[in-house]
Amino acid sequence: MAQDLKAENPHEVGLPPLDPIRAGEPLLSVRDLRVSFKTDDGILKAVDGVSYDVYPNEVLGIVGESGSGKSVSSLAIMGLLPKSAQVTGEIVFRGQDLLHMDEKDRRKLRGGRLAMVFQDALAALNPVFTVGDQIGEAIAAHQPKMSKQAKRKLTMDLLDLVGIPNPAARVDQYPHEFSGGMRQRAMIAMSIANEPDVLIADEPTTALDVTIQAQVLEVLERIQDRTNSAIVLITHDLGVVAGVADRVLVMYAGRAVETSVVDEIFYHPRHPYTIGLMASLPRLDAAGAREERLYRIKGQPPSLIFLPSGCPFHPRCEFADMPAPCGTIRPDLELVDHTYGRHMVACHRRHDMADVDHSELHADVGAELETVEDAAAVSPAEATALEQLSTPAEEEE
Amino acid sequence: MKTRGSLTEVSTDQEKVTTAAPEVPPSEVSLAPLTQDATDPPARSQWQLFFRRFRRHRLAIASLVLLVVLYVLVSFPHITAPYPLNPKTLSLPRGPTTTHLLGTDDLGRDQTTRMIYAAHLSMTIGLLVAIFSTLIGTFVGAVAGYFGGWIDQLLMRVTDLFLVVPALVVIAVAQQGLDQKKLPIVGKLSSSTLIIGILSILFWMYIARVVRGLFLSLKEKEFIEAARASGASSWRIMFRHILPNTIGPIVVNTTLVVAQAILLESTLSFLGLGIKPPAVSLGSMMSDAEQWVGTHNAYLIYFPGLLLLLIVLAVNFLGDGLRDAFDPQSKH
Amino acid sequence: MLTFIVRRIAYSIPVLLLASLLVFVFVHATSDPLAKYAQSRDLTLKARQGLAQGIYEQPCRTFITGSPPQQAMTCTKAPVLKQYWYWLSHFLKGKMGNSFVTGRAVSSDLKSSFGNTLQLIIWGVLISALLAISIGVLSAVRQYSLPDYIFTGLSFVGLSMPTFWFGLIAIDLFSNRLSTLLHVHYPIFYSLGLHSTHARGFFPAFFDYARHLALPVATLTVQIVASWSRYERSSMLDVMSADYIRTATAKGLTRRRVIFRHGLRNALIPLVTVMALDIGGLFGGLVVTEQIFSIHGMGALFLQDLGNGDTQALLPWLMVTAVFVVLFNLLADVLYGVLDPRIRLS
């Protein structure tokens, strides 16, 4: 555990963004965040010491498989975890420590300066209220004095802003009358109703088909231009990050394994896991790529209760090898390069990895092509614990 | 790690049935289609898991023990009962004394003795009704759900009929009509045989509907398609492949029928439409005792009622524990 | 919507007719209402009524028999289906006929019984719904808390207890022992009927009414609350783990607003449906409660008619109660559509 402390130094982890104009104090700082759940089988560490910063006006992409802790950490920021979750560490938002804040103040932040867009808008919108009603409710929660007419006008403006045609008619429709993409737009409209400083978007495009995905991402970008809010974009899809994010944080088994500006991650990935993710992206530029089978990272995401010793990725790693202590010592984030921005990697073989060309990785390397279902190795206790995440935090009034 | 492996098998129950099945020989599917780990003997682990979860449900275990002990005790009244059921000497009701722990009734009969006989009859009726209605209901429900067609139509229409007319009314009419009558084939029935018959007829429909629903959804599953493709006959598919997957809900509902049947029998007997002398049930005891409400002989109502409450409560707790053990997802 | 309702009603008509036919045939096959009165003085009168009501085919022949000489009579019953047709054709014209046994018009008995049952249902359902929703929400929001365990335990007891026993215990304790305890010579709560004759004036009469209603309504409520609160608890638990509840919290709404506006509103949809179905069954289902508290309601009327083998009175009873089951079934479907915008009946 002692090694982890190194990562706590904000200057090592909080990477100044590429564009110097955007530099400055971070809006949101997460320090050594840990979230664990008690299960029948033991303690499940959903987030195991994550630190990152979000600066004004940037898009931070957090990438990882399900179970990597990316959603849980954002729920921790929002204070939406169930009571059963043990949260430690520090979450500082505009100078306030969220984890030691009283519930009333925290509620005022939620949906106000700190907002969240959820995946699967059909489930995330209440089926029995109209879309306009739900957006209006979000406005009223933070601007209680606004008149009914003004609220309705603002609601329609928001719908218009996210690109929903004919807002005047749409405002009185129910979520099930919207198409998938429209619902997600409505969801975004709801989250930006109070012009948040930080908008966390948790897999906002996952349930959508590709063309709609692009439109929704475009809406997010447009909103950022308009409102200057910072966006934390959580996704398992590197392709989504590539188009939108300024910086990227790759998470694995509850920890950050690699972080840098987006181009650095894409062109010079150093962590074998990131390299694997890159290699498994379909590539259009590689000649003859159509004949090649897509690369797959072998094995399954680890159990968060019985984490492999050493580097949690080593059982799946192509490069884990002697004499590197991959199987015994868990690596910390270390600075490897700052030519274009700070590039940090948690890998014992980080220096060897600079020479690996990930475009050369193909199906032969990951010889085992068995179907890897997302989170297939999750035990039921874990499943239950993770399921509870959908239960909102229990607050005392 | 062993326990983890077996837990995994259950949590993904539903999906596993569909995904794992094609590779597994059909006959094994029927035993335990829920395994992920091929090295683990499938049938064993499924039941092991069931017992493991059931054991954790302390209240259900206690209820089961209580019911078994109680049923054994009341099953041999000539040993366990302190007095004969209908003694020659009669006296007035007298409250609990050292010789008659729960007092005597208005004919001077020992209440403990009567409650032992009554509990035996009530519990036996509940058990037999549950067994008969489960056997008939499972068969009819399976056929209706699997084949559909006229059996299904008939089942649904008859259930509609019973939806419109309250169950108590149907039973009361039937009981009133058939009691003390010479019936074709079976002759004159005792009041307890009659009530078992009538309640079974009522409750089998309930089970049949449950089983029908289960069969309707299971018959579309891939592992059944696979069994069908491998040339298994319809009956084999129904009873070797589908039925084992419906055991959980059926057992839970059978338990609920036991509770319902005991309650309904006592209600009918209380109304004078059920068990008649010389037989004695907890309901008919309370019917006899109704006259003592508000007097110092009211213990004649309290004790049989409390015993009945205890029995039905135990059966319901048992059912609840079984439900949790069979289907951990339905926690609430 | 309208076609849906019409179709549902049209479907229930044959079901109702079949139910009435079965009951008619069964009761007729197993009991002869006039057999009881074979020796009675007003036999001829009853027989004439029976004739008029389509039970017998020809005028009954009377003759003198035995010593001392007694009047006796032989009658030929009409075939069952003919009797049924006779009953049905009259019933459809709105003629329910007279009871064999009491001679009173069946419709007037039904009307007064229905009124009494309706009072029980209204009060019982109102109180039960309020209690069940509060208990259900509390148990779900504070799952595994002490109140949750207590209410869950109580509802198990409620579901495991025969209604009549609770009724008898309630009478024993609150109608008799409570008075003894307080040294008064009148029951605090009554256990007979719905009114006393002596209460004059609005407030005394209402107070008297409440004292009569308390125990039967409590008996009814215990059963209903036990099942409704369990239902509401599980429905609320389902809803509170839904994604949209998390969204509502993420908007910055207060916990109260999340629970009551977003949670309860959705959790009520299935509960209201179940409530409507259950209420429909209560019109003919309060047999035990009415019997114990000597309330002349539908259930008590049924027991009386059944005991008399009085098909003439039983069949209209069956029809009325069945119509309410069908109506409330329909209401359940309509309410579902009203409460859940995803399901609009067309």
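A, B and C are the chain letters, set down in written order, and residue numbers restart from 1 in every chain.
Heads up, the rule we're going with is that contacts are C-beta pairs under 8 Å (C-beta built on N, C-alpha and C of every residue); 3 or more make two chains touch, one makes a residue touch a chain.
Keep in mind the model is a prediction, meaning the values are calculated, not measured.
Trainee: If you tally contacting C-beta pairs for every chain pair, which pair wins?
Mentor: By contact count, the leading interface is B-C.
Trainee: Comparing centres built from CA atoms, which chain ends up most distant from chain B?
Mentor: A
Trainee: Taking the mean of all protein CA atoms as the centre, name the chain whose own CA mean is closest to it.
Mentor: B
Trainee: Using the average of all C-alpha atoms in each chain as its centre, how far is it in Å between chain A and chain B?
Mentor: Computed value for the inter-centroid distance: 51 Å.
Trainee: Quick one: report the Å distance separating chain A from chain C, using the average Cα coordinate of each chain.
Mentor: A distance of 57 Å separates the two centres.
Trainee: Quick check: how many Å separate the C-alpha centres of chain B and chain C?
Mentor: Spacing between the chain centres: roughly 26 Å.
Trainee: Under the touch definition given earlier, write down the residues of chain A that touch chain C in their complex.
Mentor: By the definition above, chain A touches chain C via 78, 80, 107-112, 115-116, 118, 120, 123-129, 137-138, 141-142, 174, 176, 187, 190-191, 387-388, 390-397.
Trainee: Give the list of chain B residues in touch with chain C in this complex.
Mentor: Of all residues in chain B, those touching chain C are 157, 160-161, 163-166, 168-169, 172-174, 176-178, 181, 259, 263, 266-267, 270-271, 283, 286, 290, 293-295, 298, 301-302, 305, 308-309, 312-313, 315-317, 320, 332.
Trainee: Could you pull out which chain C residues touch chain A in their complex?
Mentor: Contacts found on chain C: 240-256, 258, 262, 265-266, 269, 339-342.
Trainee: Which residues, counting only chain C, touch chain B once they are in their complex?
Mentor: 12, 15-16, 18-19, 22-23, 26-27, 29-31, 140, 143, 156-157, 159-165, 168-169, 171-172, 175-177, 233-234, 237-238, 281, 284-285, 287-288, 291, 302-303, 306-307, 309, 314, 318, 321-322, 325-326, 329
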